[in-house]
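Let me give you the structure first, and then I'll get to my questions.
In this document, chain identifiers A, B, C, D and E correspond to the written order of the chains, with residue numbering beginning at 1 in each.
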């Protein structure tokens, strides 16, 4: 049986500039990992800005073509998908983005995206079917279609919007969800509800989720496995809690040490009362 | 701080705007460093001369011709004035006498004046005349090369005062090439050109002159040329008439008509070559000492050219005489005259300009024939001539123009012409129907069932008056049911006219000496031998490409009689009758040029009362004006 | 749209003035349909009459009523401007959205061409076109030529918006909702571009009308169609200024200046309504 | 330095492209002309006499050679490019046999002078006043200037030039309205000539400046009113940096960068304006030359002027682009 | 410890009033806020997006420009006595204290430096008028100060775009501290930074503050940053201050249900407990709920909470909270 997703020494090189000033940037260097089929998990990709994690995400989504290595989904090379195969692939691999306020066109109603996804990827043949599929997906994130129908993005809070975004991704019944910093723009009081939702989706629906973040604490909280990336390279990988409790690579240790706690800064705070 | 800066800035702006006020008042500018009293300022109608430093008039197209070069500096054998002339219309200039032809007109012998000198002190002799011919024949790219090569077998200068032209075939009009009306083949200085490697690429700067003036200075940007009277003006052909008045002549580009009027109102432009009728009216009203050829209405000088609608007779529709006549009878010439000249035109029903000697030679003698002329439309017989049209025009003008409109019939005939073809929609309809055209609603359809589309080519603002006349005619044709349109040619005119790429054109193909009754000046080229096939280029004149066996006969007959032979007039009348019947062009009026002369600094300009010369500044014979001008007090 | 119009009218002084000016101009153009005189005919009234009760703006030396001649002229001129604006909008939207969305080589090539068109001196090229086409140069043809020359600046503007739209996450959402590129461009991005399209339409009209007037005045136009430039052309032919027929020049100039200022004010105030920084984006759009 | 070189090379490549596209456009358009320069010359020559058909045929042959019209399309095209590179546009038809390049060389200084002066003055004045107006938004006289600029700047060059000519030439005749200098002055570095040139250039320059100042004013004002809300300006303000320093080094200086870009971009438009203005005022520059060449149907000259104007404008743009990093150091790193 | 406050905020009220094409909106972004900041302490201000914290510091800093309006109250600095707020002080007086006594480290540090000016020029513009001295003196002072912050003097020759985000933020800190001001306002200075850089920058702020003995008003939404950096903490919710106290005390025993939730929902490495989320969403400031603004989401809400706004009361010395439940002892 093929793994759900398999990366074999995937790398990506960007060329910048025109004819006269060509420069290359290696955004991702030889990254390998695999997600097994039938073993749903939350797989965290941890890295700071410029670590290549977003490029990696876009390659997994099929929006960038790897410059080297193999990237297979269900055994098929994603770069080699034909135009006819792409919709099927896209239905199975869905993204969730960083900023819920940006994820929907402010001029469009939210249900438009739900119905569109249901029609194009969810197999809904009619408006009724699309509505039903949307409602099912919305219920999975704790909302209903009646709450969302006819509403514009600005009428909802960030947390609600991110739920709708997740619901939209669920409409196509995906096997893999790729969440790129999904909570960094969500208010603190609502953040955990989204994070917890990922756990539920994994457990209830058997989805695999690639959770991309720079926040070690939430990764520790929700992820099963993780990789830590730095300048396009994976520096450490393993079970999330183990790696974060006992990081081995110096960079991982540095990251770990940078997590702020009340006594993180030296010299230690003076007593003030 | 804030407002300080603001006010400073505002003050700066105000200063910038007020700056003109601080300068000395000077509207257009006159040539600097020359006493105004010794200076005559004339318009160079060629405008700004691109190749300003080029004076080789014998090369193609190069610099300016009317910048004073042909008026003040060059000379040739004879002149015919379109008006009366100082000493008769015909003037022997470099030649001492009229040309002498042998019996079969294959040899022309010319006797030259002696004692004339080029401005560099070299004496003018028959060798210069011979060189003028030989150099141009040898260089096919030169301007008159083809004409001379085509006619001249050889030229001999047996002695300094004799030139003998041996012609290739009989031509009683060969001397016309050396006779100035507007221009002619000018005599070139042999001693200058024989030293030049390629005479077609020689700029002749500074020019050596043979006439009374020599170049003083010129603008490298081509806006002005100043000529100075030669110390030895007496050693030129003009010396016979006494000392020219102006010591300096400035030929300038004063800009578009508006600016010309302003310049003359400011006494900064003594002679305007041509302006719009409205501009002339303004000058007559506000320029205290400005006047035209006529002191009052219609002001303009009638050129010996016949403005008319010229049909391309190779055009499918216009091949048919009935169509041409129908188009003629759709025109109300009064409206055309009003549109073009605001009434200030001399109309002509026949294809000879109503100017110079021609009214006496042709219009008046033929008036009776024209009145009786009859056309048969197939359904009816019509006498289309209306002898009262000129009078009707004066009646129309009198309410607004008042007493300056003459009442005396002779004066009316002099200024406004005689009669014209009466607008006759009924006859036009009958003629078109006979030609197979049908009217569908208000629209005429051609025999093959398409709308009758007819374009009238105009020159746009290069010749505004003609454009205005054309616009009016198109409107009348449209009202009569033809899909007529204006077609602006401007710069492409020469090519399109030559290529026959037009339906009809408003302008002239009939030009005459004016001062002489001979019509061969234009008619010779109307011979069918010169007419090209449709689509092929064709020499100028006779763009109507109209051929007629009777016409060929008339032309051939003229070639065999002497220039002054009275039989020429009879043949001319035959031509008029033929053209009237066939209507290859609709005669309209003389081309009136609104030459405005400011008498503030100079007096003695040629006028209708004292018609010793054509005042138009670009004509070679305007040199006769210089000797008659006197400083005003 | 109507509420936008109402709000602008109520709260924006520039828009009010612009709207009033354009309303007058448009009313003039509309009146042309009620003109008692055929627009192309000359000598239908007594020439050179100064403004009076019978002829509000006087008559021309060609015997035309200036007022009624103006109505048809401004109609043709506005129509011409509108036609150029509409045609060039199509090109600029097409190029701008495509270049901005596709990026990469397509963008680079399109923008290189685009920048060329921005920099090229168009007037000599337009004159060249006239030089070649001569009397086949009709108003519609000129409109097409000008449209194909006058899209570049606005295409760049649209491209910069499209580029930022492409970066926005909702575009990715649309992709993963199964929308096709064409659908994304037309349904997701076009609405964001429309405000720019509107205000550039007005500016483009100003540009094209200005050039048309200039070409016509110089005689480089079809003189069979009455336009504002054509009126000035004929006035110059009759030396109206020195002949004292000032009304023949003054009223067309007045009306066309009203048009320019009006259109400009409308564009400016719409810009302000849409995005106060749009001009900054436009000016800086070239180099960021 | 290396990055500047890259930047400069990119700009140069764009310059080459502009010139290539522009000149090809001009070539294609001109060579589609129905005007046959040979026939036109023949027509002009034969208008003076009775010319036999044989003589005309002879003339046609020699003229064709003279105008370089022999050979196929490709041959003519390559001849054309090799001529452009040598700044040789052949002889002018309407001033035959003067070479087109010499006519342009004569007209060019006039245009460059007028255009350069008017552009620099209007750019400086417009930006200065516009910057002030954007910074001191409540100032009344600056507001008034804003209204003036708004009313003036959308008006086409022709109309402004015509209006100026009517006012200062006819109604209140203070200034020369035609030509580049007074008559009978020797062209050169002598005082009377220079004064005369200056006097003749006032109205044409003013008509260019009036419009130019308006558009730079409005552009700068809106730029500045945006920039004053930018973080670095607000930061400097709350830091109590001298207001004059803020206006100069933080606001105007930063707004200048897009205005320089704007200058490069609108150079073509300004040139258009100069062409028209020259025609109205009979100024002896390339604009007048171009319009007259069209009237005369002189295709070599029309092509030459168009080519030179494309080259000139692109060169001006290139120059501004190359100087641009002095204004904005950021451009070198952004690609 | 000097107990006299350097900043006293009392009943401060400010609102946004916008009028855009006829639609008037009034947003009471700062609603009756009272607190004070002492010498030599870092006071943290926490709150989610649009809780009014940025508006509060703008009002305190005197950056009151339309559409922001000062409605009432006091925000008085000890170095500028007699002026109830900076906004109401005379421009000359304000000019005197700016940068010398009061400086800023702003959010979006990418844009606060003039992109067209070298860092050295910015230093000159900002500090030279206050520090005075010859150019050489000034240069030495700047270099010394940079050394204190362990910054290389070569950055002075750089343009902002040539520096990394972290380096730029360090430069702004150096810029804000070069005049050794009494009071520094820092608005989300580390939000855009990577965690490792963030830690360094925070450490830098801490050390320079300790070194100079200045007071810092530090605003961020990130509770972890507060925990690590600040001495005292104020928590804002929907335009109101809901809790204020020593940071350690607040973290040890948060009193307000909202604060409690914020702190308890933070995941921690090594702590595997399940974290809950709060129901509902933050209110729209333009139309806040009556009574306690937190009541729609509060698990402890009773009828009184829906009607009356709770007052800020001292729950224990130096620890104030605005909550009926705390007041009533239900919490």
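Quick note on the criterion: contacts are C-beta pairs under 8 Å (C-beta built on N, C-alpha and C of every residue); 3 or more make two chains touch, one makes a residue touch a chain.
The shown structure was predicted, so the numbers you read here are calculated from the model rather than taken from an experiment.
> Trace the shortest sequence of touching chains from subunit B to subunit E and report its length in steps.
Shortest path length, in steps: 2.
> Taking contact as defined at the start, I'd like the list of chains shared as neighbours by subunit A and subunit D.
Chains in contact with subunit A as well as subunit D: C, E.
> Comparing the two chain pairs, does C-D have more C-beta contacts than B-C, or is it the other way round?
Spelling it out, more C-beta pairs touch across C-D than across the other pair.
> Determine, using the mean of C-alpha atoms as each chain's centre, which chain is farthest from subunit C.
Between subunit C and every other chain, the largest centroid distance is to E.
> With chain centres defined as C-alpha means, what is the inter-centre distance between subunit A and subunit B in Å?
88
> When the centre of a chain is set as the mean of its C-alpha atoms, what distance in Å lies between subunit A and subunit E?
32
> Centroid from C-alpha atoms only, then distance subunit D to subunit E, rounded to Å. What do you get?
About 55 Å, centre to centre.
> Which integer distance in Å separates the CA centroid of subunit B from that of subunit D?
Centre separation, subunit B to subunit D: 38 Å.
> Could you tell me which residues belong to subunit E and also touch two or more other chains?
In subunit E, nothing touches at least two other chains.
> Enumerate the residues of subunit D that touch no fewer than two other chains.
In subunit D, 34-35, 170, 257, 294, 297, 328 touch at least two other chains.
> For subunit B, write out the residues touching at least two other chains, lowest number first.
256, 258, 262, 490, 492
> Using the touch definition from the top, list the residues of subunit C that touch subunit A in their complex.
Touch list, subunit C to subunit A: 108, 168-170, 172-179, 188, 191-192.
> Residues of subunit A touching subunit E in their complex?
The touching residues are 48-49, 156-160, 187-196, 214, 216-218, 220-221, 241, 244-245, 254-267, 269-273.
> Given the complex with subunit D, which residues does subunit B contribute to the contact?
Touching subunit D from subunit B are residues 1-3, 5-7, 9-10, 12-13, 16, 19-21, 23, 25-34, 47-51, 54, 59-63, 140-141, 143-147, 149-150, 177, 183, 200-201, 217, 219-224, 226, 250, 252-256, 258-259, 262, 266, 462, 490-492, 494-495, 497-499, 501, 524-525, 530, 537, 539-541.
> Touching residues of subunit C toward subunit D in the complex: what are they?
14, 112-113, 115-116, 118-125, 127-132, 134, 153, 206, 209-211, 213-214, 217-218, 220, 232, 241-242, 249, 253, 256-257, 260-261, 263-265, 268, 276-277, 279-280, 283-284, 286-288
> With touch defined as at the start, can you tell me which subunit D residues reach subunit B in the complex?
Of all residues in subunit D, those touching subunit B are 34-36, 39-56, 58-59, 62-63, 66, 92-98, 103, 106-107, 110, 125, 128-129, 132, 136, 139, 141-142, 145, 168-170, 173-180, 182-187, 192, 196, 199-200, 202, 206, 244, 282, 284, 288-289, 292, 294-298, 301.
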